[in-house]
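Paired with chain B in one complex and with chain C in the other, chain A is shared by the two complexes that follow.
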Partner chain A sequence: MLETGFGYWDAIAWIVAFIVICIVVYIIRSMGKKEHRKEAEEPFFSGVELPDEKVHVKASNIYWGFIESMKGYYDVMKKMHDGIINNYISWFVFIAVLLLITLFAKEVIP
Partner chain B sequence: MTGEFIFWLVVKSVIIAGIAIFFGLLYKGIDRKIVAHMQGRVGPPIRQPFLDVIKLMSKENIVPKHAIKWLFNAAPLICLASSIMLLLYIPIGGFDAILEGHGDLILILYLFAIPSIAMVAGGFASSSPYAAIGAQREVVTMISYELPLAVVIIAIAWKLSGIEGDVFSMAFIASHPIWQNVGILGLIGAIMLLISMVVVAPGELAKIPFDVAEAETEIAGGLTVEYSGRNLAMLYIADGVKIFAFASLVVALFFPYGIASLLSLNGVASIIADFLFFLLKVFLVMFFAVTLIRAGVARFRITQVVTAYWVTITLIALLGLVLLMWDTHFNVRWL
Partner chain C sequence: MIYNEAIPAILIGLPLLAAFITPIINLASKKARNAFVIAILAIEELLIILLAWHVFTNGIVIYTMGAKNPSIVPLQAAVPVRIVLEIDGMAAFMGLISCTVAMAAGIYSIAFIKEGNGKARYYTLLLIMLAGMLGMVFTGDLFNLFVFLEILSIASCGLIAYRQHADAVEGAFKYLVVSNIAALFVLFAIALFYAQYDLLNIAAIANAMQYTQLDKIALALLVAAFAMKCGAVPMHFWAPDSYSTAPAAITAMLVAASQASLYALFRVCFTLYGSLMNYHMIGIAIIIFGLLSMFIGVTMALPQKDIKRLMAYHAISQTGYMLLGVGVGLYLLGSSDFNVYGIKAMEGGIFHIINHAMYKGLLFLTAGAIYYRLGTRNLNEMGGLGHTMKFTSIYFIIGALAIAGIPPFNGFASKLLIYEACYKVSPILSIVAMLVSVLTLASFIKVFHSAFMGPKMHDVKEAPKSMLAGMAVLTFVIIFFGLFPGWVVSHIVHPAAMALVEKMAYINAVMGG
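The block that comes next holds the complex of A and B.
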């Protein structure tokens, strides 16, 4: 049993149950028809023939919907990451000061 | 772990697989019938999903020529198996979960991600541009609904942390309904968490208005466009099982009440009454979280899905959490 102090998980029980259920599902699946016609293997592309190579999707495209809807946030973030080291150091100092104020405000302010 | 435990685990896993598939398909049939009536159609008979599965099993199992064959075939199997696995950790029909004490609520959250990840893998492996777009959209949808879902879970666990016990255990949550541990502010907060959970459901289950990953009218079924025959049958069953599992989770988190004690029933009668009452609760959750919503609204765009979950629903869930905290802090009780 794996325990974190708050949560717990018995990985062995999970694996045993998962294997059993996979076997059940495999048996159900194997009752279905196995064969198919060779000419039916062409992927559906609205009647257009796909180029004869594997279709890849660039990793940068995966989060397109997310980046597009959060455009406002990402625009600000991109502007902040301008590559000028002075700006990065300024941000570092600014955040460090904020943290120090938050941590020690009670002790400094009477 | 004893041999006896493993023996009973194997037996119960097989039984739960049967229950999950039967009720998954049954509720799918009821859902389709009600949606049809709402849209002024007669609709298919309730047994139609069973007939669909039988028909699909007799159809060709086409694997596209450039697909990664082992992954394309394995994805529906893993999707269905992991959907059934959920029901081993969620209390059903008034009984403790079969693997109660062997996995907590956080594990259930992760397990809910596995069927979606399997479908994404199957989509990318199928070599179809439509499936690739569907897989991308599924990833984005997953990122979107996980945040409000996590907020709801944490809020409930935090509220119950004031009581002695394991707050992430499903048995503990089911035996301490949140409604009995809150005042006025907490009640409003808990209702907001329930609303968030209900809106997360169509995203988690790829239903309208959050079914952008399949979107038949735009990307011809997306993730499932290349699936047919027995592979599609597995995905079809998994869809029903996931609905049943998610509705069971909502019931366990928010409505873990039985009816037997109210009717002063004992023995077998109380077990049957509680089980039937559980099925009714699951139906009501499914009706409000899936059926009603998908019959009443149109599909969102992918960007709207992100905004809806990350902004609107997360804010509602966070406000619910804050109200639960204020409820504890100010301790405003009923008059």
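The block that comes next holds the complex of A and C.
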């Protein structure tokens, strides 16, 4: 058991609870209607007929909306990640200077 | 328990010696070379377990190079003579990470690295890399730390460029430039200490430290250099370029190597400076590095199409959790709150170091297995691999759930400690940490869907057995740490956290008193 300072975490207890919940879900599910409806297996996409061939959504299309909505952020980030080593080092020097200013701030600023 | 005082020196010396014997054995037999390397890595694992157990139960271990009695440091006018290895709980903890990842990487590489392409040199560099990592975390001497940092960087650079593709060479070049400039900053900081105190030993410098203007300059140089080496934002740009182009087993090693730099950063902040510096300010700086790394790392991972580049950004994001946890600990150091939740934040951050090395190592190895079979890292060209690469799929799921902090895996336990402890400092810290976990899960669902789900698109076989065995080593640790986090924290993580906090114990082990 892991003591977090404010509570406890016990992975074994969690697994036992998870198994019990799975069993309960299985029992509830098995109490449902037994007859099988073939049309229930068919996905319904607003009346659009789906093609017979199997399709696979490519990685580029996943989270398109999220990335599009954050376009401004990603434009800035892409500019920063330009692959030019000189710029990488410039950031490093900038941070080192920033740390120096922070450490000496008390002496510089009265 | 069988313990020998020479174990720390053997742990560094053995892979160094084996590195140069490997090409000679390679001339006789390829199989004998593989067996030799794996045997060395297995011995290293065994020795580090013995050493760690000894340190966790009996306290700090000292080994003075070349001394008649290695456990006693010869002092002349309060100056420690000779190079000293000083292994406390934190150093032993980092040694465990290095040896475990190296063993998994070594086993994985048997099949992953094809013969006839300088495989003996590959293993030579891998063993040197291990020696570099162990040297960095074991040494009690700052100049020696610089030497091992260089050894580690040069070996890593050679291994990143191993495939000799244009992008691999470019990744290696960037790694070399960044590492060398960071190392020069470290060397300059060491020169500042030596000029003031005539000392190179970490404990001796910590004991003599006056926190002068020069010490402040040295602190800024060291923090910036090690933060860059561990891939903290905004000095992380090299990491995706280098991690994505290196062979998968080496990328797993690079994660452990970055963590050796993280160790050096913590050692500087807690042991070398400790309460002398303005630890509130440095704590805040590390927390800001952590938050930036977490958020920018994960958001940059989401749109990636290269599987290893995506994982590299997640490595940056996960480093943020470690910086956040330990940063909160540093921020609270010296206050009464430290004993309540500061130490828990540190335990969370340190626990996350070992968890991250295991699950990120595993994820990189699964990416390598996909590359081995498909010859591409482009997620758009993947799909349906779960039909044939069943074991790789399972390993990937375990790694992905662990990195996303889903119970009952190890990532959840360390993140829970970080969430709860950080909440007491500021709820915003915990909210950002949880948001990053959600985005991490989303990102790995994308990878799982793109690579493993969908109709069968490629006629490929499962990864070779040795690669599966390498992944199994890390999976075992992930599951064990996930099931028994309480034991891990109390026996391994807590001693490591306390080793950082108890500065005087580190100093007294060398200087007496």
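Basically, the second predicted complex is superposed on the first by the 77 of 110 C-alpha atoms of A that agree within 3 Å, B and C clash if a C-alpha of one lies under 4 Å from a C-alpha of the other, contacts with A are read in each partner's own complex, and residues count from 1 in each chain.
Here is the rule we use: a residue touches a chain if its C-beta (ideal position, glycine included) is under 8 Å from a C-beta of that chain, and two chains touch if they have at least 3 such contacts.
Keep in mind that what you see is a predicted model, and the values were worked out from it rather than measured.
In the superposition on chain A, A:34 makes contact with chain B only, not with chain C. Contacts of A:104 after superposition on the shared chain: chain C is touched, whereas chain B is not. Contact with chain B, but none with chain C, is seen for A:21 once the two complexes are overlaid on the shared chain.
When the shared chain is aligned, chain B and chain C each come close enough to touch A:63.
By the touch criterion defined above, A:96 lies against chain C but remains apart from chain B after alignment on the C-alpha atoms of chain A.
Legend: residue contacts after superposition of the two complexes on their common chain; A:74 is shown touching chain C, with no touch to chain B. Judged by the touch definition given at the top, the superposed model places A:87 against chain C, while chain B stays out of reach.
On chain A, the patch touched by chain B and the patch touched by chain C overlap at residues 1, 6-7, 9-10, 12, 14, 54-55, 57, 62-63, 66, 70. Residues of chain B touching chain A in their complex: 1, 5-6, 9-10, 13-14, 17, 21, 56-66, 76-78, 80-82, 84-85, 88, 99, 101-104, 106-107, 124, 126-130, 132, 135-137, 139-140, 143-144, 166-168, 212, 220, 225-226, 228-231, 233-234, 302-307, 310. On the chain A side of its complex with chain C, the touching residues are 1-7, 9-12, 14-15, 54-60, 62-63, 66-67, 70, 73-74, 77, 80-81, 83, 85, 87-89, 91-92, 95-96, 99-100, 102-104, 106. Within the complex, the chain A residues that touch chain B are 1, 6-10, 12-14, 16-18, 20-22, 24-26, 28-29, 31-37, 40-46, 50, 53-55, 57, 61-66, 68-70.
Taken together, the chain C residues at the contact with chain A in this complex read 173-174, 177-178, 181-182, 185, 213, 216-217, 219-221, 223-225, 227-228, 234-235, 237-238, 240-241, 278, 281, 285, 296, 299-300, 302-303, 305, 340-341, 344, 379-380, 382-384, 407-408, 412-413, 416-417, 420-421, 442, 446-447, 449-450, 453-455, 457, 482-486, 489.
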